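Each in structure tokens, the structures are laid out below.
In the two complexes that follow, chain A is the common piece, with chain B as its partner first and chain C second.
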Partner chain A sequence: MTAMYSLVFVFLLVLIPLIGVGSAHLEFFFAVCVPTTAIIIFLAGFVYKIFQWTRSPVPFRIPTTGGQQQSLDWIKQNKWDNPSTGAQTFIRMLLEVFTFRSLFRNTKVDLNKGTGVLGYSSSKWLWMFAILFHYGFFIVAVRHMRLFTEPVPIIFEWLEFGDGILQLGVPRLYLSDLLLVTGISLLLIRRLWDSRVRYISLFTDYFPLLLILGVALSGIYMRYFAKVDVVAIKAVTMGMVTFSYANLPFEQIGASFYVHVFLVSTLLAYFPFSKLMHLGGVFLSPTRNMPNDTRIKHHENPWNPDIKPHSYEAYEKDFGPAMHEAGIPVVDPANRGEQA
Partner chain B sequence: MKFHYGMPIFAGLIIFLGLVTFPLWFNAPSEAYKDPEPKLPTEAEVKAAGFDTFACVESTQFMREKHMQLLDEWRDWALRDGKRSYTNAQGQTFEISLQKTCMKCHTSKKEFCDKCHEATAVTPYCWDCHIEPEGYNETH
Partner chain C sequence: MAKMKPEELIQGLNYNPPSTPWMDLKADTSPGNWAYPGKPDIVSYLKDEGLPVANPREWVPSDEDWKLPPNWQDIIHQGFRERLDKYRSLKVFMDICVRCGACADKCHYFIGSGDPKNMPVLRAELMRSIYRKDFTLAGKIMSKLTGSRVMTEDVLKEWFIYFYQCTECRRCSLFCPYGIDTAEVTMMARELMHLVGLNINWIMEPVANCNRTGNHLGIQPQAFKDIMDFMVDDIEEVTGVRVKAPLNEPGHEILFITPSGDAFADPGIFTFMGYLILFHYLDLDYTWSTYASEGGNFGLFTSSETMKKLNAKMYAEANRLGCKWILGGECGHMWRVINQYMDTMNGDIQGPQMTTPVNPITGTVFKNAAATKMVHIAEFTADLIKHGKLKFDKSRNDHRRITFHDSCNPARAMGLLDEPREVIKACCNHFYEMPSNTIREMTYCCAGGSGLNTDEIMDIRLRGGMPRGKALAHVQEKHDVNTLSCVCAIDRATLIPLADYWAPGVEISGVHELVGNALILEGEQERTMDLRQEPLKGFEDEV
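Right, the complex of A and B next:
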């Protein structure tokens, strides 16, 4: 049901710019005001979230048992999975951010009906779908910079060329479009297919998936099917990033552009307040970004109260006679009223 | 306000903000963006090229949006189906040929095609097969 609600919500989001531009002719509002506001919300929300997280107390080191920790000299340490120094932790973070190493360890529980053994087996699907999707989305996002820069830096021209290197169709088919749509669809199918994942899935899980799928499909529809005036679009996007809004050619641009921009704006504004903030959060994961050096360094609890040591001897000195009177055994004979 | 590991986190945050605001600071020092201005043929040039009407094969807005689709269809019709004539919405008929129809009026690749393609960082593969028309080498 939550998946259906999410789908209906994304359809509503498509309708808003269709009506707003098609009937109300609010081109300036949908092409400039909405995305600019969304970017401001994105940036401010991102900074707010990071501030909030920076103010949260950091837990004690959490050693994860991904590999052998540093031990005796003749036991080989797994340095990237169980790092004990800053440099090793840095490599673990690099691998985590660029190759999604923790997803690679994803397992599933299987009952072998033949032997009756219940055990864990490797399940790389989540990792593979995530890699396809994230790299596809990243290339798509960076490639869009050709519409936001003048002159276009050579690196974006190379990206544009390389992405369309198969020369399929006109305009050329982008490989990253395939990666993005395949990845996000597989992630969505996985969420619907696997009953255990479906059971724990919420609106906030389906909505970002469907919204990103909507962004991708609206862009694909705009580029390959509806076909829009790219030069007019570049005039609008450049006007937006240089804050010069005079004489922008809105009337030359088809409705599919406004739908695409509105969905992207929704994604940007929603981003800091959703699970998508793992973009910033992955860097602040306590199980990933702290070395396992709890037995090497002395870690002092920063909020320990200042308690002076109080030995038993000193304690008995304070309360000895009273303890003796109550029948509690004491060490010092003087407290028992005896001569030493 | 107490921050935990504030220095590395804020350094990372500043790098992130720098990256996502890239279009703002990249374009700030350059002059205001101007639309590319492809050189359009004059009426006299079109008449001299042997066409009866001044209008292009399709309307300007159609060509701005869908010229690549038209050229793609023309290629398939001419080379795969052997169909060499195209009738547009106004009922006018043109010969399907890049060199003999399009480039009769739009004579210079550099002054016409490249203007918008460079502005939008597009590299069409027309010229993988077609020879770049005269005038290209002189002005390039």
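Right, the complex of A and C next:
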């Protein structure tokens, strides 16, 4: 049901620019005003969210240790899963962010009720879907930078060349488009298919998936089917980023462009206030981004409260005479039956 | 439960969630689903000690009326806000979960119950749903779509049931792509519940005991001395050697602190004897303490303030007795506190006499304990073994076929994995590992951690013990394993019913019990029995 709501919502988002441009002729509004506002919301929101997180201190170092600690010299430390220095922690974070190392550990519990055997099988599907999607999306996003740069830096040219290396079709098929659509579709199917994941899924889980799928499909439609005028689009996008709004060639651009831009704008504006902020949050996760070193080095808790232990004097006051009788050393002479 | 056979339990398991959405399912508050609430006099005592507990009263969780303060919602809301400002972990973990479900089948309670609210993601959502309603704009205006809900008494009851059905073992956090740690969420939820007077006696009473008598079990100093004398007698009976047992003596180099559970009952006492034998063998310059006679810290399961107060005694006693460093015994959560909290919380009260620990026998500098000045006994013993300082007769453990249970906290909040294995392999001939998905950093909980080792929730414990129990039964069948060794005093209590239920015939032992058995003391008599006074292999007829 929540998945259906999300789908309807994304359809509504498609209709808005179609009507806005098709009937109301608000080209400038949808091609310039909306995306500019969305980019501002995205940047400001992202920074605000990170600022809001970092405003709270990290009182304790609580890394989840995934291997052997730094111990005696002859015991081999698992430096990447249980780092004890900043450099090792950096590697742990690199592996986490770029290879989804924790997700790669994933296993699946199999209970055979017939034999009573509880088994574990490797389950890398989620990892694979996530890798396909994230790298696909990343390449697509970076590739789009050529629309906002003039001259186009060589690195974007190379990326585009590599992405289209299969040289299939006209215009050439981008591999990243395939990765992105395949990855996001598999993630969506998994969310609907797996009864446990379906049970925990909210509207806010389906909506970004469908929205990103909408972004990808509208982009693909533009490029491969509507075959929009890329030169005209670049004139508009450059006009937007250079704030020179005169004589933008809106009339040469088809409606699919406005749909694509509106969906991307929605995604950008939604991003900082949603679970998509895991992009920023993963860098701030205290169980991953800290070395396991608080036995080695002092870590300061800025709000460490002033709390004293129940004192030894109070303890001996309670038990002193009995301690003395049992032959346990006592400090207070009175507890030894002596005059103070 | 006691009547339900393991096979029946397994047949009844269903990992597919029900059709009713989880927000519409009320928590089952019937007896057996909760541990007894804290006794009013104990809660009052802790309140008077300045700790953040509240509302001491008689109450029963199966009753409709939990006798909450009238403004309880406001108290929870303000407490939640305060913790969001104090803990980045909480803020980030509330915001970034994508509900990918990777954690779902990593929790021992979920595997043993199939209850969807035991999926770590959903356990955290119990709290996140309130967070979104109270602290996010989208949650305020679009409750339904964002999975937000108002804090009601039913929600609070759900918290009490499910946040006392999490052992803070952190297995889920290992698999989470963002490292979201349910233990952290549970700790925060428990802190909030303490503010309105929801607590359990199995945690409150040990905390109160520890504060006043020095240990969780409430053993008073003179009784502690009696227990030690009794153990010294038993050791003499087995070995013919009368070992030294220094207690509360000032002027020694090392202060030794271990959980009081090992002073109290089988089989922990045999580990306690193992320590006494080892230290006597080394002629170690050390002392025990009654004032600091607790390694464990149930404050970890209560609140950061309570944890700090109980933990501070370790340094206070080292200072009072003039010890240079502290040696810590086998315990699970104790080592999470020492490794991740102790120096941060109490480093400032370390006396100037304390120095980076050096093994007086081998000269090894424990650089990894430079700040806390506290060394784990497995590190200490492994170092002695590596330097050839311990003479063992391994055959004295030949009646034991051993496997090793990694306790959650040393595994996932420290990384003490190889040290205890080195010790076991040095003093035993028969050692077999359980399957790789159930040991080391992927170890399964005994299902009695975080203060849940109480008998009134035995059903929940035995269910949660299923993954560990099944792995144990596997090596029992395959390698004829008859001993489950561990470095945790709570394990030594909780694994017994677990093994009796899932792998009957397997006994539980500490690692230093095995050391005590194998260590050849100077001037000892021929040993015919182990520390349990059971016959060694080859002496079955003589004892």
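For the reader, a short list of remarks on this structure follows.
The working rule: the second predicted complex is superposed on the first by the 293 of 340 C-alpha atoms of A that agree within 3 Å, B and C clash if a C-alpha of one lies under 4 Å from a C-alpha of the other, contacts with A are read in each partner's own complex, and residues count from 1 in each chain.
Quick note on the criterion: a contact is a pair of C-beta atoms (placed from the backbone, for glycine too) under 8 Å apart; a residue touches a chain by one contact, two chains touch by 3 or more.
Quick caveat: nothing in here was measured; it's all calculated off a predicted structure.
Put chain B and chain C next to each other and count what each touches on chain A; the higher total goes to C. In the superposition on chain A, contact is made by A:S71 with chain C only, not with chain B. In the superposition on chain A, A:E160 makes contact with chain B only, while chain C stays out of contact range. Shared-chain residue A:R196: touches chain C; no touch with chain B. Of the two partner chains placed by superposition, only chain B is touched by A:S244; chain C is not. In the superposition on chain A, A:V170 contacts chain B only, with no contact to chain C. After overlaying the two complexes on the shared chain, residue contacts for A:G254 are found with chain B alone; chain C is out of touch. Of the two partner chains, chain C is the only one that A:A322 touches; chain B does not reach it. Using the contact criterion defined above for the overlaid structures, shared-chain residue A:V228 touches chain B, although it does not reach chain C. When the two structures are aligned on the shared chain, A:Q52 is found in touch with chain C, with no touch to chain B. Applying the stated touch rule to the two superposed structures, the overlap between the chain B and chain C interfaces on chain A comprises residues 53-58, 284. Contact residues of chain A toward chain B in the complex are 42-43, 46-47, 50, 53-58, 145-153, 156-157, 160-161, 167, 169-172, 227-232, 234-235, 238-239, 241-242, 244, 252, 254, 280, 283-284. Across the complex, chain A meets chain C through its residues 2, 5, 49, 52-72, 74-76, 78, 81-82, 84, 96, 100, 102-103, 105-109, 111, 113, 116-118, 120, 126, 130, 194-197, 199-205, 273, 275, 277-278, 281-282, 284-288, 292, 294-301, 303-305, 307-312, 315, 318-319, 322-323, 325-329. By the touch criterion stated above, chain C contacts chain A in their complex at residues 6-7, 10-11, 13, 15-17, 21-22, 49-50, 84-93, 95-102, 104-106, 111, 116, 119, 121-122, 125, 136-138, 144-147, 170, 173-181, 184, 211-214, 220-222, 225-226, 247-250, 290-291, 304-305, 308-310, 312-313, 316-317, 320, 338-345, 347, 364, 367-372, 374, 379, 382-383, 386, 411-419, 422, 435, 437-438, 440-442, 466-467, 470-471. Looking at the complex, you find that chain B touches chain A at residues 1-6, 9-10, 12-13, 16-17, 20-24, 26-28, 30, 32-33, 35-36, 61, 64-66, 68-69, 71-72, 116, 118-125.
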